[in-house]
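Read through the structures below before going on.
In the two assemblies presented below, chain A is common to both, partnered first by chain B and then by chain C.
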Partner chain A sequence: MGAVEARASPRATRRPAVWIGALAVASLALPALVTTPFGMDVCVRVLLFAFIGVAWNLMGGYAKQLSLGHAAYFGLGAYTSTILLIRFGISPWIGLVAGGIVAMLASLPIGWLCFRLRGPYFAIATIATAQVLMLLFLKFRGFAWGAEGTTIPFLGNAPLMMQFSGKAPYYYIALALLALGLLTTYLIERSWMGYYLVAVGEDEDAAQAIGVNAPRIKRDIYLISAFLTALAGTFYVQYIYFIDPNTAFSFNVSVEAALVSIVGGIGTLWGPVLGTALLEPLSAFLQSWLGSSHAGVQLTVYALILMAVILWRPTGLMGLVSDAIRILRRG
Partner chain B sequence: MVKIVNFAQGEFVMIGMYISFFLATRLGIDPLLSLLVSMPVMFLAGVLLQHVLIRRVLGLGDMPQIFLTFALSVLLMNVALLLFTANYRTVQTPYTDASFHIGGVYVSVAKLIAFVLAMALSCALTLLLHRTDIGKAMRAAAQNRDVAMLMGIDTNRVFAVAVGLALALAGAAGSLLMPFYPVYPTVGQVFVLMAFVAVVLGTLGNVTGALVAGLMMGVAESLGIQFIGADSGLIVVFGLLLATLALRPSGLFGGWAR
Partner chain C sequence: MGDVLVVRNLSKRFGGLRAVSELSFAVREGETLALIGPNGAGKTTSFNLITGYHRPDAGSVTAFGREIVGLRPHHICALGVARTFQVARPFGNMTVLANVMTGAFLRDRRVDAARRRAHEALEYVGLAPKEQALARDLTTIDQRRLEMARALVTEPRLLMLDEVMAGLNPTEVDQAVALVGQLAERGLTIVIVEHVMRAIMAVARRIIVLDHGQKIAEGAPRDVVADPDVVRAYLGSGYVHGC
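Right after this comes the complex of A and B.
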């Protein structure tokens, strides 16, 4: 719905150019201002999860195909690049793209199966596919280290192997990923594909009846969404230097991808970014304040925020923002 | 019954298990007896849930319902994690390790009792749905809320009873599981995925189908453990789901075309 509104007023599209320029300068300058490693870590996580949210939002927000199994692609991306790196010494920069391609290929059969179900049943089927992948990687230890996982050898400052001594380069990579995700969304939103996606999301049968090839459009957006999510997976394991099935295929990744989008406002370009900008620093703050002894606090708070959003503000933070703008213009 | 897919259903099984666990360890009440506590408590919780949360998102489409019950599921899991930690907890009963064998097949007493009581509860539910006024009202409201309302059915009350019943049964399942299954905060996820596979395999909305599919899954899981390995049970069950979706998406009891 937000997407349609944005398109309806051409004046609103010119002004944000200034805002986006300011935002870009601010985010490029941020590493110079944030001096603590903790602060940088929070910034990297905000950008990364905003990117995953943006990837999820293409499918969950615009086409309203609620995937709760995006960890499948996150994990496939992470494992592909790690296996290429450790077994064959191939740079994660190549692994990044290879992981994305593996995820795209995997999304074809997974989509073929899961798209046979709709609504809540589709969502649960996607959970099942991510679980199956996690179980497979846990079981076949000869192939990918099994349950123990593996650490990624630290090579010092090696930009060609996506390894850096400071946190700032990671920040810029995450920023570039997010920019890629936003640009992809922006272009899709403005193309015929964006309109088709919104049509399928509003009423699949009606869209099909007026000639939208719904199965094809769903397959295509799933391909794009899977590719982007896999990039995040590669980046994440390179960032934390560790991989195991429980990290790579973590249900929390799937949850967070959906969560930040819903809280921020689904089907909007900036929704996932806004949602992550609120949730991720909040959880980092909670964790540093309460320590690791209170393991469930983060998701408890997330769940409460999510429930509040659904009950009182289903359009998310973007809805609040557009309301505020409307009031400001009028007053 | 009210056509709400409740993502938090597994978490209510988890709560039922914790109720039985604490009654057993603190007060020494047998988990099976604690059924008499867990069922009414969960019924009331269900009525409350309907009035406070679900009522607000009825008739708004799939998305708010999915998100709301999903948020509830995440909330309950993590509150349980905060309160009870991630430790696996078990209850020892005289019949936990007891078993007898008929014709070379070992039957666990605890599981047999759970099976018999679960079947009895399923029969009771079927009778309730088909023979009582409130059951008929429930089926009517599930078929078409507006028409049921026009026929003079208080749909809010009917939905409250339906959600209450769903939670009471989840609580009962928890109590029945406790003698032979450990409880931990995310235990519900296992059950909700299993239940989902049973429902899809046995055709959506077909109660008997789900029952038959559930039995088939149990057999498939045991065969998987026997022939492939101890940790392959879930893989076999999910494999069954994927095969169903690939070959017969409308389930075992659905027609060929949808």
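Right after this comes the complex of A and C.
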């Protein structure tokens, strides 16, 4: 949406290059400035969830296919790489890509089923798919460790096995993933595919009338979105050294992916990043401050923020930013 | 001159309602054919059946000699049948230009080419000055123009217009008539559903009248409006005896 509007003025494409350069330098230098492990952990989580948000936004934002089941792909990515690592000794770097491919394959039947439904019915169906996968993995006791889960064997500093002694390398991997997600989005947004996605999101029937193969474009974007989400799953397991069905297929992952995009600005390149930059530190802060005495307080705050955004600013923080720029230019 | 579109025994029921029954007609290449009839006569349903939005219960539709029943709307569009909707359906949050570019990608996936062709289509329908506006901000006539531009940019050989003049004031109707006339002069085959009789008389070479899902008359505009069956369908039987 915002994307297709923004393209209207060619001037707007020049200046962001400077901003992106500055942002890149700042994010590359950040590990040198953040000294506490807690601070680094928050940074890694911001990047990771921004990346998941970006992956979700391709489908949920541009094409308005509001999935609440992206945990399915997060979990498949996590389990694929972990099973390859522990059962076959294969490096998570290979598991990363393998997980992405497994997620893509899984998205085909899931999409085939869910895309028959529209709007809230679609969202509910996607929740079910993630839940079904979670139940399946709870049952796979012999092969996938069932409900107990498993820890990732600690190898010390082993970059080839995606294990590092400090937090900085994880930070850079998450940053690279986010950059990959943003680049993918940028390229799609600028191509015919971006127009097709937004058109399908706006009015699927009208889009079909002018030759848009809506089922195919939805399938294709679901493949891409699932692939990227699975990468996040692999990374997350390697980062926390633990996997079980409840973590891997957590409903929270699905919700967070949608939430950061909606709060930040649905269907915009930077929306999910902005949304995560606001919500993730807030959640970490609330949890460490009130989490022990008032459990669940951060969920309440999330709910309030979400309601405020939907009521007053459906275009999210990005809408706020673009409004501000418009006012500044006029004034 | 061959037949661009041939409809044979097309039927569709919605529950107990026979929306279209045993409808047959043909559209010749280069002609402008109007489909008229009272509300609920089955005009829009026929459009939806032909363009793949509803699946007929029976009957066949061939476009350019090819059976198109069962094809999806985007496929039918790719074959060269473009349509507009009774209620304009712009992509509201996209710019006018982006709306039309989306249609242009059907024939050429390059963004520059799409932008150029979209711009040309917008010039043609007279909407170029507003190409940077958001589609949802357009007036009714401009939304109709946008629908036309979006349909035209897909390079149709058959254009199906569903009440493009509904809700327009008399001046705007004249503009729309002129536009349809121009398209017909370029040799485009057009099927138009319309209520505005003045517009139909101006653009149509041939008229088909539907009532209760059935064809009740067909012929040149002047003959059709004088047909007692047609008058009865529109005004009730009392008027026929009067004249």
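By definition in this document, the second predicted complex is superposed on the first by the 327 of 331 C-alpha atoms of A that agree within 3 Å, B and C clash if a C-alpha of one lies under 4 Å from a C-alpha of the other, contacts with A are read in each partner's own complex, and residues count from 1 in each chain.
Assume a residue touches a chain if its C-beta (ideal position, glycine included) is under 8 Å from a C-beta of that chain, and two chains touch if they have at least 3 such contacts.
Because the structure is predicted, anything quoted here is derived from the model rather than measured.
Peer 1: Quick one: chain B and chain C on chain A, clash or fit?
Peer 2: After superposition on chain A, which the two structures share, chain B sits beside chain C with no clash.
Peer 1: So in the superposed three-chain picture, is A:Ile262 touching just chain B, just chain C, both, or none of them (first/second/both/neither)?
Peer 2: first
Peer 1: In the overlay, answer first, second, both or neither for which of chain B and chain C A:Glu202 touches.
Peer 2: In the superposed model, A:Glu202 contacts chain C only, not chain B.
Peer 1: Looking at the overlay, what does A:Val212 touch: chain B (first), chain C (second), both, or neither?
Peer 2: Only chain C is touched by A:Val212; chain B is not.
Peer 1: Per the overlay, which chain contacts more chain A residues, chain B or chain C?
Peer 2: Of chain B and chain C, more residues of chain A lie in contact with B.
Peer 1: For A:Leu68 in the superposed arrangement: first (chain B), second (chain C), both or neither?
Peer 2: First partner only.
Peer 1: Touch test for A:Leu187: chain B only (first), chain C only (second), both, or neither?
Peer 2: neither
Peer 1: Between chain B (first) and chain C (second), which, if any, makes contact with A:Leu23: first, second, both or neither?
Peer 2: Once the two structures are laid over each other on A, A:Leu23 reaches no partner at all.
Peer 1: Between the C-alpha centres of chain B and chain C, what angle is subtended at chain A's, in steps of 10°?
Peer 2: 70
Peer 1: In the superposed model, how near does chain B get to chain C, counting Cα atoms only, in Å?
Peer 2: So the smallest C-alpha gap separating chain B from chain C comes to 8 Å.
Peer 1: Which of the residues in chain A end up touching chain C in this complex?
Peer 2: That would be residues 1, 4-5, 7-9, 190-192, 195-196, 198-199, 202-203, 205-215 of chain A.
Peer 1: Flag every residue of chain B that touches chain A in the complex, lowest number first.
Peer 2: 5, 7, 53, 56-57, 62-68, 70-72, 74-75, 77-82, 86, 185, 189, 192-193, 196-197, 200, 204, 229, 231-232, 234-235, 238-239, 241-242, 245-246, 249
Peer 1: With touch defined as at the start, can you tell me which chain C residues reach chain A in the complex?
Peer 2: So the residues of chain C touching chain A come out as 51-53, 72-75, 77-78, 82-85, 89-95, 97-99, 101-103, 105-106, 109-111, 114, 132, 134, 150-151, 153-154.
Peer 1: Report the residues of chain A in contact with chain B in the complex, numbered from low to high.
Peer 2: So the residues of chain A in touch with chain B come to 64, 66, 68, 112-114, 116-117, 119-121, 123-125, 127-129, 131-132, 135-136, 138-139, 251, 255, 262, 294-300, 302-304, 306-307, 310-311, 314.
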